[in-house]
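One structure below.
Chain lettering (A, B, C and D) follows the sequence in which the chains are written, and residue indices restart at 1 in each chain.
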């Protein structure tokens, strides 16, 4: 019955024959073993990196006199053809060959014969897979950095156009103080900037080449690991062969950065869901990113935002999963480490689509200033300004001013109006020292304009920070 | 660039036209939205459950006079044909139809016309998907229970044959006391018994039917939810429609039980890895569950055990992921919940194959009594027996006997022999009251035979507990 | 510098002397080792369970003739006094005695002398700690079950009083269909019912006694494990000694149940935060469960709800942490397992206070029917009812009726009114077959009243299910 | 009953009176609310950072003319006294004052009166707590970096002394190829180097000051945030006030780096446990880091290593927990964020002690070359060297050489000897081209010496990399 649950795998009755490690074994691996062992269903995504790594390795072997130039040329040519076959969908992947590395090597042997059997000299699957996977993660980081920069631009564009649009700033989802929509959006530009920084740091840190570390101890062939490192864009070869094959920090750090980034996106997605709800109505999302209902024809559901909100689940799960796999694992290599890729692939896919969907939602969304203003009629958003006035103009200690402002809010609440609508007499009934110059200082426009401190919500300050951000994040 | 990372999806330019919720929307969903929204790539695994649910729903609608018998018959016939098409691989799944439910309904409309458009009366995708998914999880539980019982049998068979075979019992991976191999294996029979109990409890708890809860509030059609519940093998309909559609406890509880079970398997896998290492050599695994190395021809790697050891990573990750998705999610339904299935599918697949592989390894493994006995020469495994002797025969308080035994171990260690090899005089030099009857009581065979307390390692006691276990776990 | 970060521990310079395992060691454990090793700072919470276990063990040892009745009496008396000392805060806990077990045994020796040194006969710290911890978890389950039942009662009371109060039912936080507040609350009664079931099942499953399993292999003393099991309220002794000491399933299962329960509470907490926001205003929370702001005197922050919403973080973290600790851990006991308690203690505390706070918020909250009704003016909540009408009365297939209803919603949206406010002519302009009897069927009151299917939102149905629930969950 | 489980809190019946936000509320917060709300039991660890932040804030307020110099002086003096009171254990922390910030401010008011009530001008608890917590994390990073450098030195010292000591290199815990003990230890120096890099990057990224962001929107007072940033050692003020108060990336990134580092330590701990087991016996741990057993006097348990191995559980749990708390949390501040500190504190404590204990174990451990050599008699560790010989000297393609080497291993295994012990004739029976110069090339010493590729295990290469590492990691 369990078999029914497991993914269908193509049957192969030549597993023993073709297996590269079948030499010593009397009986072949069972089908079950093949099912649990084979990774080709997902690691075929490494084909570009595997081919690039093998080309660099062959070139180095030839340069060091370990194989002939003719063999090297044949290997390059064969690998080039394999790349084309895969890209054209003509390559036949075989479960019995277990992984992408053996699928490619086996096909290479079909194409070029003996030179293919010399390619694996002075390397092992251990350093090969570490190299391939690192290269893939590096490519993923580059793609994500590009996508995050694009999202920052979308936010900055929207923020520039809405630097003056007043909305409630919330804490605890309660109206706290008025802010501008542009100011609020710029908070996410900062978050994404840190995300890009984390990915960039991870990229620098991972950029040491495992290739040539061989199984775990280096090799006795006169190789040049600096040469392959340079050819593959690495800064240097990894300095300890055992570490080079057992290290998956690059995957963990990628997942950690992805998880934090996904949490940022989920916070924005939650705001989109709330802002686009009937009761808030601060924004409307475009048709492209909402859906209807099969039973409720009136619905306009923020499905894309909800899916973005949910994505941290699987990405944190993937981070967690790989940390668990590696916890307590002795060096140098255990098959446990084969579990390293699927989570990373899924996290990269999930984060990539979440960034793209969020960027699309930002570009498409329409802000609704009337609803934002209407919301500011509730919740006494300028109570802090009143307290600050009493500190600044009346010289009251902050804590006393805070209490007096609270009492005035209570007066307004009892009367069912905002504090801006109270008369001077009503204000003075609580705090006699309040002066006529208070008039006009309790409007949301005044309140926003007054917060000119560095990084504050005053429109001119927001515009100044937008200008900074473009430069800091290289978006100009 | 991100696009390169995301899974390839078949392009469809008729998304808007065929979408069931396209009525109100001016522009169609973008390709990006379709990519993030579509679930058909994985939820097609629910096809059997979806068809069973729809059949039960149609039968009920007809019985309640909501649709005609003719329509009901047409629906049944059409669904039957669709099941065949899917099983024969002839069904064309479409991304633009988003999910398995709409793929089937759309095909049904092609096959039988108007009656198909009546099927969705008095139900919603919300209760439909909850029903399908529950049925799938229920089937998975049944399959896993069967597999776990099979593994218990394998353990019991092996334990029965090795109830007398002495090996070191470890704490802290240090030799502690001698045990028998059969006794050690029976520890896992208990763990699996609890696992089966957790899955069985989860099955009972999930067995309430969501079908007919409609979108979130029930329906005004005169339906009979008890009838559909019974038809699908549920114990009763779920009592609150909003809970019925928002509940994913069954998935969480399944994942929690799977995670705990996977941890059990990982503990056994770690023992297999250690026991089959060159230094321990307590067992040998069969060729079917080990592999060789591409660079080291002598290797006999316990790959299957290592993969089983690693599986908790992804299963705990899946549990974690779904808890995260559901945390803080307001009722009744959010698209976030679409993230509920992939983790469950993967966990069920992973657990299923891990159980099967472990069962295979158990059946195939060969115990090596000589290595086990040799290991018992180290670590003074009968020191506790010596202390117990002093308590029992000399009336010493346990804590004093413990100290005296420790001193005798120090004597033996200094001499480089086991305590069994010390002379009576040497023993009495530390504790003069020790009597000649100590001779023979410090052998590992004596030590094992003496531990006759309930659940102890004495061979007869192990055999008695094996007999019990067969009965308790229904394995006879 | 690290030392500054670690918790301050009382220094003891007699660690070597008093340590129970110091016999063989030349040098004493370093202060660092003591810091990492000692658990007394948290496991002192097990004192009641430890004393109960030791009393039961002593009674059994005497009954089996292993110690004298006089020793047994002395032990009971001494342990009784220690319980009093601890409860009165007079007991001096010592880090150098590592854990609660040795702290109590050491004090017992001070109080009664030699008999104390006989107490540990035929047991080990391994079975002792497993027993104590199981008993603690069992007590925690009982306390949580009681608290959850109390919360169910609070929900049922509130639901009973609000079974008719109409509010928007949401999917995707968009208005979907009208429901009643009582109906919505009853969804949580179901969730809590399942939570209680999970805890109850965990309690049954854990109720096997580890006591007497000794270190890992049982004992050669003629003990009666059934006797101690019965004395401590266990159903039976655990059947395999090695499993008995290595098993922490009971802690994992407790944490899993707690995590799922905490997710339920977080969903409700999120709803409380949203409902009590200025824009929704569906409820107001009492002063007792809200706070103000240091800078914004007008704020009324739902702090308690937010803290409840956050609690799944630490509880899921604790579950995750213990799964990680146990993953791949060989039998029978590793010091790793000392990490089992803090997470469980914290999870029990966190869940306990979250349940209590939520129960308090439920009891205290005030529903605001006007705001709920006002919200129902938006979002066309009866569009489904219109579609259902067309199916039921006009015989239209559901999918067609759905499209027609969507078109009518578009008409109403264009006019800026609810569909209830459209004239018959306007309705017939879209679907000519609509009859005058539609009038009155599109009000939210009608819509709610019509959903009489089992588990639906119709007030009478809600009341019927409330009556059921009281019985099912033993709340009468 | 739940109350029994929750931590005891000091009762205060003046909560309402003294609460800073009590102004507007008719009834005081219940004891339950205080229990769930108060953070003083753990956030008192922020006292140094809170005092430093307040001093910097006061100085800036005076410099900007917002308070007088006299007030500023009084504040500084009062805060200085409070620091002394706390360090001397004389400060009375009050639960009713909720957190460290109000405890200090309240005491300040007692000490200096009105100026204390001016301190909170132009700031909020939101930016205050973000500042304090960042400063604490920054201090923790500095402490951990120092401790990790110390551990690198310990590893390098040990590696330098054991650069020639031959041991089995394992993959899959099977003997793969011979390596040196120094080489193996250097793998961890690389890991710790990356750990230090991650912490250093996190430190740079966090070093933006939140102070002055106020509640969420900045302030209307003419503050100078650059001045407070500089005073507290920050590189600059955070550029967006809303981000400044809602950001907890610094805590997440710290936890992620800690989790990865803890996994590294756990891998080493697992190796220590295995290496110090009776069967391996490669090392012995010092008495200072091992313990005995209460029931088995001969045991020498690697408790410290096991606890280090377990620590990833709680640290990953803490990372997971905070990611969950922040997932989907709308800006700017929710009380959920109060859950940010305990996990970070515990992770820092746990990592700190794990690093210190591991460093101690490394310094103290004794390597046992005889056991390592004996182990190399098993597992044919030079089979790769034989294959490489055939490639290098006989010009065989690697894959063929691999098969031939496997056949020779089979011959040796059948004879029960290592391949080094086979005669030339026996070798040539499998591969006739093998020449007499093979003699001597199959010893473990030759094999190790030959692996001179960059980062390989050849002793001279190890020494060269040690020299590099000292420089790269600034350890000279």
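Just so we're on the same page, contacts are C-beta pairs under 8 Å (C-beta built on N, C-alpha and C of every residue); 3 or more make two chains touch, one makes a residue touch a chain.
Computed from a predicted model, the values in this text were never measured in an experiment.
By the document's definition of touch, common neighbours of subunit A and subunit D comprise B, C. More than half of the contact pairs at B-D come back, by residue number, in A-C, the repeat among A-C, A-D or C-D.
A comparison of the A-B and B-C interfaces places the larger number of contacting C-beta pairs at B-C. Subunit A and subunit B have CA centres that are 31 Å apart. Chain centres here are Cα means. That of subunit B falls 23 Å from that of subunit C. Residue positions of subunit C touching 2 or more other chains: 20, 23-24, 120, 126, 171-173, 176-177, 214-215, 273-274, 292-303, 306, 309, 312-313, 316, 320, 323-324, 327-328, 334-335, 384, 402-403, 406, 409. Residues 1-7, 20-30, 32-33, 35-37, 120, 124-126, 140, 142-144, 146-147, 214-215, 273, 286-304, 306-314, 316-325, 334-339, 342-343, 348-349, 352-357, 360 of subunit B touch subunit A in their complex.
Within the complex formed with subunit D, the residues of subunit B that make contact are 168, 171-177, 273-274, 277-280, 292-303, 306, 320, 323-324, 327-328, 375, 378-381, 383-384, 387, 402-403, 405-406, 409, 413.
Of all the residues in subunit D, the ones that touch subunit A in their complex are 20, 23-24, 114, 117-122, 126, 169-173, 176-179, 183-184, 186-191, 194, 197-198, 201, 205, 212-223, 225-226, 237-244, 246-247, 249, 252-253, 256, 259-260, 263, 266-267, 269-271, 274, 309, 312, 316, 320, 323-324, 326-335, 384-385, 388, 391-392, 397-400, 402-403, 406-407, 409-410, 447-448, 450-458, 461, 465, 468-469, 472.
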